[in-house]
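Next up, some structures in structure tokens.
Both complexes shown next keep chain A, but they swap its partner, so chain B is in the first and chain C is in the second.
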Partner chain A sequence: MAVKVLSPGLMTTIQDMGRPGYYHLGIPIGGAMDRLALRTANMLVGNDEGAAGLEAVFMGPELEFTSDAVVAVTGADLPPKLDGQAMECWTSFPVKAGQVLSFDYLRSGARAYIAISGGIDTPPALGSRSTYAIGALGGVDGRAIQAGDELPLGPSSADAAGKTVPDALRRAPGSPAELRVLPGLYWHRITETSGDRFFEETWKVAGEADRMGYRFQGGTPLDFIEREPPFGAGSDPSNITDACYPYGSIQVPGGTEPIVLHRDAVSGGGYFMIGTVISADMDLIGQLQPNTPARFVRTDMHGALAARQDRARMLASIREALAQ
Partner chain B sequence: MTSRYSFGGDEHIFVEVSEDMSLEAFFKSLSITNSVREAGIKGITEICPANASFQIKFDPDVIHPDDLMTELKRIEETAEHAEAVLETRIIEIPVYYQDPWTNETLMRFRERHQDPDSTDIEYAAQINGFANVDEFIAAHSGSPWFVSMVGFVAGLPFLYQMVDRPRQIQVPKYLRPRTDTPKLTVGYGGSFSCIYSVRGAGGYQMFGITPMPIFDPAQKVTYLKDFMVFFKPGDIVKWKPISREEYDRDVADVEAGRFMPRMKNVVFSLEEFNKDIDGTNAKLLEALNGR
Partner chain C sequence: MAKQEIRSPLPGTFYRKPAPDQPEFKAPGDHVAKGDVIGLVEVMKSFHEIRSDFEGTLTGFVVDNEDAVTPGQVLAEIES
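Here is the complex of A and B:
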């Protein structure tokens, strides 16, 4: 039971729900950037929600199946084709041994999640199959998939083909994308006017946007409150004594272009951060293409926890819809 | 030192023990994070000590952020009075200063540097008032260093020089970060030395390279078979300058599975260190050299 990689797409990696517990050593949690999309894809094919699948960026891979399986594609609108015939996104379909799965052009979003019944069964590293390319951990030999790879599959249970996710439960960013932010960390280092402007302006996603972080451009540089540089921090007003970086934290090197750290975050460094994208909106970032307009929306802890509850309810609704 | 607490979104609490770097701030951060680990609070998923700060990641579905904040502040009060004594180890790390690989790399990124006409180490020697690079290397490798943080990327140690502030080396980071740094480069930024555990981007000045791997995801290196990351916060490091011949020999030994870093277990007391810095360091080096 395996899948042969005929062509890998642009950047396709094996991802699951990541490897918590090693961030204090600089090894990030990793895992699917759009967690809800991977969970949903797994549910559609009858896998555990946290099974390993493929995360394909902008372009799909071409895969040949050596055995019968069930497949589902969620997340970005990257329409799958089976032996050239168009298939539905967010819907599970059966694949016969010898058939080839390929993809049409990307219509919206940035990352598609491909779940295969049984899940991808490459050897776990530190408890996860997620690919962390910088540290050469997980995936296939610590890297993205390549043509010629054979991806082993786990044992699969029931025939789960023919399930579909209702439209209302397919989450995608709006335009402009709205990312809710809890100000904090080193927020006090910028002026009030500058902070207000950060939330008022529309930014856009820069070309440097990957699993480590998303850079944003087009807004006004931040105004700092003057200070004596602390010993050990460095002379730039955006420098701090090297510290930990929360997932979702927004650092602004030199005060110019905000970078939101994502699942493969660097665990720390010497740039100040003005706040953190709330956990409920992290998935959305994974679906933003370069040049997408985006706004940062101020919230508070109450708002962040309420949004988290909303996401939990949405996941529960998906489970319910697909259990029938 | 009054710590500053802040939420990093709904899943992190960030605590700045001090804006300035100091061994006192590092010890306080390490002491609090140790107490937090021992407390076994449900809902905490990651405990990350840093140079003069720390970060706790938690699941807000298990513990309310406000409750965790209250609990952490309570722990800080107790940990603050803990004795700053650490059972740790001192490790000798060989460094081939001014090696050809970091030199080739720094030449490719000259336009991102403060002083394009000199090398990184020449620049660092000059702005820190050393007569020449040899004197600078003698200072960099003369005193021990504390691993005050592990992170940025997998297994990368930040090291803080164990001398009084006037003697501490300070070097700015590159004007714009490089897109490339050789694996195992010994670097410098602000008041920290580091070892790049993997090849990649970096903004620290490059002084040399060590033959000793410190991160091995394949876990083939003899001393990384138990765990892929070598360093942990609280480790003490002594740099040992080596020649090209010694470097080549060490690399061959690593590949043949013969290389073992020289290291000894030691007890470090911050109070004793502050009373007599040079005396404490001399004792640490005696312990390392096995007399």
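Here is the complex of A and C:
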């Protein structure tokens, strides 16, 4: 039971829910950038929610099946085709041995999640099959899939084809995308006016946006409060004495272009952080294309925790809808 | 003679040259073979070659050098 890669797409990686527990050693959690989408794709094909699937960014792969399977594509609107025939997103469909899965042009979003019944069964590294390409860890030999790869599949349990996710439970960013931010840890480094403006302006996703971080541009450079550089920090006002970088933290090198660290984040460094995108909105970032307008929306800890509960309720609703 | 369209599979920035100081891959009126590179789309810090699926004469570009493009957007037209 395997899937042959005929063409890989742009950068298609095997991802699951990641490998927590090694960030202090510089190895990020990794895993699907849009976790809810991967969980949902797995539910659609009858897998465990955390099974490994494929994350295809902007462009889909071409895959040939060597055995019968059930497939679902969620996340970005990247329309699947089976032997050239259009199939639905967010809906599981049966695939026969010998059939070829390919994709049409991306219509919206950025990352599609392809779940296959049985899940992808490459060897786990540090407890996860997620591909961390920069560290050459997980996936197929620590890299994105390539033409000629044969991706092994695990044993599949149920025949789950024909399930579909109700429209209201298909989460996608609006336009402009709204990303809720908890200000800190270095909020005190910028002026109040500058901080207000950061939230008022509409930014735009830059071309430099990947699994490690998403860069935004188009807003006004930040105004810093003058200081004596502390020991270990450089003279640039955006420098700090090296510190830990949380997932979702927004560093602004030189005060010009904010970068939100994502699943393959670097664990520390010397840039100040204006705040942190809340965990509930991290999935949305994974669905932003370059040039997409985006706004940062100020929230507080209560708002962040309430948003996390909303996400948990949405996940519960998806489970309920697909259990029937 | 049929008009064919070359589309971008990716969102990003379109370039007609391999590097700023080098000549354009193709100019209007040029012959294009199947598999020829007609431009680059830059996204996620990497450059992706855009190849023609058709043989014929390049009649024109629909987007300018360094324009932002979206997936499925027509980049150039070819008479085959």
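By our rule, the second predicted complex is superposed on the first by the 324 of 324 C-alpha atoms of A that agree within 3 Å, B and C clash if a C-alpha of one lies under 4 Å from a C-alpha of the other, contacts with A are read in each partner's own complex, and residues count from 1 in each chain.
Throughout what follows, a residue touches a chain if its C-beta (ideal position, glycine included) is under 8 Å from a C-beta of that chain, and two chains touch if they have at least 3 such contacts.
Please read all numbers here as calculations on a predicted model, not as lab measurements.
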item: Simultaneous placement of chain C and chain B on chain A, clash or fit; value: fit
item: Which partner reaches more residues of chain A (counting touched residues only), chain B or chain C; value: B
item: First (chain B), second (chain C), both or neither touched by A:I114; value: neither
item: Touching partner for A:F58 - first (chain B), second (chain C), both, neither; value: second
item: Which superposed partner A:A177 touches (first chain B, second chain C, both, neither); value: neither
item: Touching partner for A:A294 - first (chain B), second (chain C), both, neither; value: neither
item: First, second, both or neither for A:L10, with chain B first and chain C second; value: second
item: Touched partner set for A:H24, first chain B, second chain C, both or neither; value: first
item: Which superposed partner A:M33 touches (first chain B, second chain C, both, neither); value: neither
item: First (chain B), second (chain C), both or neither touched by A:V45; value: neither
item: Touched partner set for A:A161, first chain B, second chain C, both or neither; value: neither
item: Closest approach of chain C to chain B (Cα atoms, Å); value: 10
item: Contacts on chain A seen with chain B and repeated with chain C across the two complexes; value: none
item: In the complex with chain B, residue positions of chain A that touch it; value: 20-21, 23-27, 125-126, 132, 134-137, 142, 182, 184-185, 187, 230-235, 239-244, 246-249, 266-270, 273, 275-280, 301, 304-305, 308, 312
item: Chain A-facing residues of chain C, complex; value: 7, 9-13, 42-45, 48, 68, 70-72
item: Residue numbers on chain A that touch chain C, as the complex places them; value: 10-11, 57-59, 105-107, 110, 207-210, 289-291
item: Residue numbers on chain B that touch chain A, as the complex places them; value: 6-12, 14, 16, 18-22, 45-55, 57, 60-61, 65-66, 149-156, 158, 165, 172-173, 189-192, 197-198, 200, 215, 217-218, 228-229, 232
